[in-house]
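Next come two complexes built around chain A: one with chain B, the other with chain C.
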Partner chain A sequence: MSEEMNTDQPILETRALGKRFSIGTRFSSEGRRVVHAVDNVSLTVRRGETLGLVGESGCGKSTLARCLVRLYDITDGQLLFEGNDVTSKSLASLRPLRRRLQMVFQDPSASLNPRRRVGDLVAEPLRVHTKLSGAGIRQRVAELFELVGLLPDHVVRYPHEFSGGQRQRVGIARAIALNPDLVVLDEPVSALDVSVQAQIVNLLADLQDKLKLSYIFIAHDLSVVRQVSNRIAVMYLGSIVEEGASEDVFATPAHPYSQALISAVPVVETTPSGRRKRIILSGDVPSPLKPPSGCRFHPRCPVAQDRCRTERPALQEHKTGRKVACHFPTI
Partner chain B sequence: MMLSVRDLKVSFRTDDGLVRAIDGVSFDLEEGEILGVVGESGSGKTVSLLAVMGLITDPNAVIEGSIRYRGRELVGLPARELRRLRGNEIAMIFQDPMTALTPVYTIGWQIAEQIQAHRKVSRSVALARVEELLAEVNFPNPREAMSRYPHQLSGGMRQRAVIAMALSCNPALLVADEPTTALDVTVQAGILDLVRKLRATHNSAVVFITHDMGVVSELADRVMVMYAGRIVERGSRAELFGDPSHPYTRALLGSIPPLTGEKPRRLPAIPGSPPSLLRLPKGCAFAPRCPARYEPCDGAKPVLTGGSHAAACFRVAQA
Partner chain C sequence: MAALILFLLIVAACLSAPLYARWAGVDPFTSTLDAVIQIDGQDVPVMEQSTEGLGLGYTPLGPTWRLGNYFLGADNQGRDVMARLLYGGLNSLLISAAATVLTLILGTSAGLVAGYFGGVTDTVLSRFLDILWAFPIYLLAISLSIVTIAQGISIGPITIESGSLWLPVIIIGIVYVPYVARPIRGQVLSLRNSEFVLAAINLGVPGHRILWRDILPNITTTLIVFVPLMMALNMLTESALSFLSIGVQPPDASWGTIIQDGQALLYTRPIVALAPGIAIAISVMALNVFGDGLRDALDPRSKVRLGRD
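For the complex of A and B:
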């Protein structure tokens, strides 16, 4: 969202990143099996920009987010932070990286320890990662509280004394305490009341401007993702099917799946005639245990051809930087 | 008039005092009409409909007012009488389909049981009806789905099974409480289509509770906006979305990011958060967050004034 962007070196880059989970044991009826939760994902996040990740539940967007902050071990491909390979760094050598790469979770009441005062919770990363004195920590916590719109005397309260929106502010204060460069936000407004969501969206935009943050923003609410993101990536069954500037992708989605997804969003229309045409997908998202052959979207795709059943389309770059994984994109 | 609710009040006795969850709600529903009820958590949208269904069994709940269904008073009706109506003439679907399904029986068994509880039919007739119903709610292979257990179905499928169960006795009134909130937008679109189809084919009336303004604007004939246990605005879809008059409705609509066109740099947000029902202000409950607040707002609670399009706001009444 910041005006001048240093596009030289991406802050974060993935190269054919994958995450496999093995499930079951040799005693289960179907034996040990492998799920490709994230499959061959190549992404870049530039300094100061927001990349939005969208897709239906189970598409692997949260798994990808956890891989990006190394909460999950990456099983395939590479993860680069400022050009350095951090794919398989040990946990100890990751510590300097952790300061610069933070995460905000969906449910602030689950990610904040209910038995500790919120001032302590925000001070914790400072105690772990910095050599600040007690007074220094208190001062920094006060700064952070002001930055996220909480009152100074809130530090002595417990999480349950706050509303959902205020709790998410605490979660955000904790994430930015160490001046990170990149924050991964996994559904940060989904658990909040509609009237409070806009406050948090605005807060995130303000912090990005002030602190020159980069964001990876995950949400299932597509209009919120469009609002905060410069670019978006649409995921289906563990892979990216379309990527591009967020306004362009929303205005002219090129992949049939993006088209269906965006057309399904209910929007406020005052006249019935103004209602947009809706593409209703048949069937459900297939199990990632048994992904379909060829293009993984072909069983539900309204424009699938024979080629789609056998040959898997690669994510290809088109004009204006749009990337689409489809044999017949509308671009 | 199919349903007529007058001055409904629901309170709960708690350790912290009496909590009034619903404070004087009145509305009407015509046959075959879709009424959208919008509000945030704690606005009373669910509790008011649970009261209509006679599903508030908490001994600490106090229900006052009148709920008339096809001329019959439901408040104070014996549980046995209510049970005869529920599931038969009045059906309900909830946000989480797993709470409405038992995990230990197949889908087919559960829906057949529901049919046999209300109709004197044989098992085989009931099962044949189940197959029809599952086909109606777009199960690709209804016969096979009947032998499935709930955990073997996806979230969207489960919700469709619950809808099939709700439709099993051709209800005249369907109450749907956030039935699509837990679902993906692509699945939600299918469920909304199904609700529209139900109205078209069975002429059922539907009360659809949601927090999503977009869903309401696509589905409802008339809309009711609730805040802190009271109706703040009601009107037809065109009136409410074309010309919202209550500051809360306006602010809520304004805070939704657009899906097309220019992106605003900042969203017009509503300050603060919804009030606790234990500490409601003396005047208008929205006043502390309201951009149009002036003296009268703190003195008394505004009443719903106007014809078919009405708002509970001193500013609107004055204008």
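For the complex of A and C:
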């Protein structure tokens, strides 16, 4: 009971969350197969923090994001929002939760209906969830537009009349319209130019301060994640391989995969002697249809040993706040 | 564009049918076997004793090519073919337009619901449409017509009498529903998984609102393209049914019934069958050409080709 009242209670928690997709039918040539797109993910997001989620393309980041906001049905494990189990709530009973848990999509040109004016799009959550009058909605939309750095007379435009960065601002305005507590940002800047990326990242940081938001920030660009995250989790083939405070993980990555990822971030060389060792992984990401035995990373791991081929390492806490799924972590 | 203008001219001509009838002083719906008209100061009967063959029966008056009356001559009941052609065209156009509206409403609703909600709803609706689809169009239309032609339809408070023009409208409207529902369902299925629909679901927008506000506006181009093409198809079906005397019932006329009237006069007065035939051919062709043009104009890919976003 006392734990329930704890102010440190995580806003979102997953317990061994998994998402399986079935491919094909029993009549197809290879029969019915199951893909573990997300496998055994246990994460916590605390109030006010930003959890960065990084990994290669196709590692299940977006699937996880869509499970977290219940756009996909969760097939294994549990999803808790403020301690309440929302794993299998029906779409209708999720509606109150939607006010507090929002999402920004990767590609703003796909996530904004091309046939509706942006003011109408931003007003949509207000119309569905609040009893505001027409004038009240217009006023709130104008506020939101100002908050995300758009002009009030932009409301009558269609999405295609905006640049990519402006469109993403519309997507953000829509996500924060109902004053949510947690926003899942699914690669919010990946589709944008580098110069615009910085603007959007700054906007997100400002909004976090102003509105006391928590973020789950998904990206494959480590330098962006490093800039915004308090903690980061590294994903490989549907599972978390390392989790910890952002600076710690970047300074001393403990999992061989994290080490390879972080060594690939381009840096400005200040002294010639300071050259880092670049770890280049061989091979491709294995198909999640046929994941390798034992540690899923072993076919590409530079330090893999026999044990890795047979025994799958669990995500364990090796230092305070540092979890690694590796038999031979470097901490 | 020329096709649209041509079609609109036909529509305008048919709409002026009552004007022509009053001006020419003819009644296109009652037989006037003993009528006599004046041509160049001479009295000419609209029906003449046949002089060919065995000399049996009557041959109606041929085209006078005078705008006054009997421009296209008389049919085998002494009625003005031109007036009947215009009145019949009005019926043909009305029936095909009404049937198009009905098909689009039913087909779009079925496609939207089946595509969006999926699962059992989709299976039940799609299999039902497959059953309709499995019948050849004309076989189904003819069967439905024969069943309903004698007594009309009476479902609850709605009663449609046997001679009503609504009967062919409903029959033609129903048989083409799968042809609209299928492509719409396909489009909805792909829109269902588009990010903006996921975003709407994530905002907690109820399903019916997503269908109405997010999905429907994105299929309107397809629906617009369907209108002229469906109308052309419906016009052909209506003519076929009426030709078989199971569509429009006498004394009403349509292009199909006039062709049937003209069938018996094919050797002596071919114009009676030819005129509505040509009218159908021109209208259907104009609608098809216009529909194709519309598709090219509204197709998003052709917009990309024009260099627009």
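Here are a few things to note about the model shown:
Just so it is clear, the second predicted complex is superposed on the first by the 316 of 331 C-alpha atoms of A that agree within 3 Å, B and C clash if a C-alpha of one lies under 4 Å from a C-alpha of the other, contacts with A are read in each partner's own complex, and residues count from 1 in each chain.
Operating definition for what follows: a residue touches a chain if its C-beta (ideal position, glycine included) is under 8 Å from a C-beta of that chain, and two chains touch if they have at least 3 such contacts.
Keep in mind it's a predicted model, so treat the numbers as computed, not measured.
With the two structures aligned on chain A, chain B fits next to chain C without clashing. Of the two partner chains placed around the shared chain by superposition, chain C is the only one that A:Arg99 touches, whereas chain B remains out of contact. Within the superposed three-chain model, A:Ser28 lies out of touch with both chain B and chain C [touch as defined at top].
Figure note: vertex chain A, arms to chain B and chain C, all at CA centres after fitting on chain A; angle 80 degrees, rounded to a multiple of 10.
Shared-chain residue A:Gly165: touches chain B; no touch with chain C. Of the two partner chains placed around the shared chain by superposition, chain B is the only one that A:Ala264 touches, whereas chain C remains out of contact. When chain B and chain C are set side by side, the one touching more residues of chain A is B. Contacts of A:Gln305 after superposition on the shared chain: neither chain B nor chain C is touched. When the shared chain is aligned, no partner comes close enough to touch A:Ser88: not chain B, not chain C. For the overlaid pair of complexes, the smallest distance between C-alpha atoms of chain B and those of chain C rounds to 8 Å.
Contact residues on chain A toward chain C in their complex (touch as defined above): 66, 69, 71, 91, 94-95, 98-99, 102-103, 105-107, 110-116, 124-125, 128-129, 160, 171, 174. Interface of chain C with chain A (complex): residues 194-196, 198-206, 209, 213-214, 217-218, 309. Only residues 40-41, 140, 154-157, 184-190, 192-193, 211-215, 217-218, 237-238, 241-242, 251-253, 255-260, 263-271, 273-274, 289 of chain B touch chain A when the two sit together in their complex. Against chain B, in their complex, chain A makes its touches with residues 56-57, 163-166, 193-199, 201-202, 205, 220, 222-224, 226-227, 247, 250-251, 260-271, 275, 278, 280-285.
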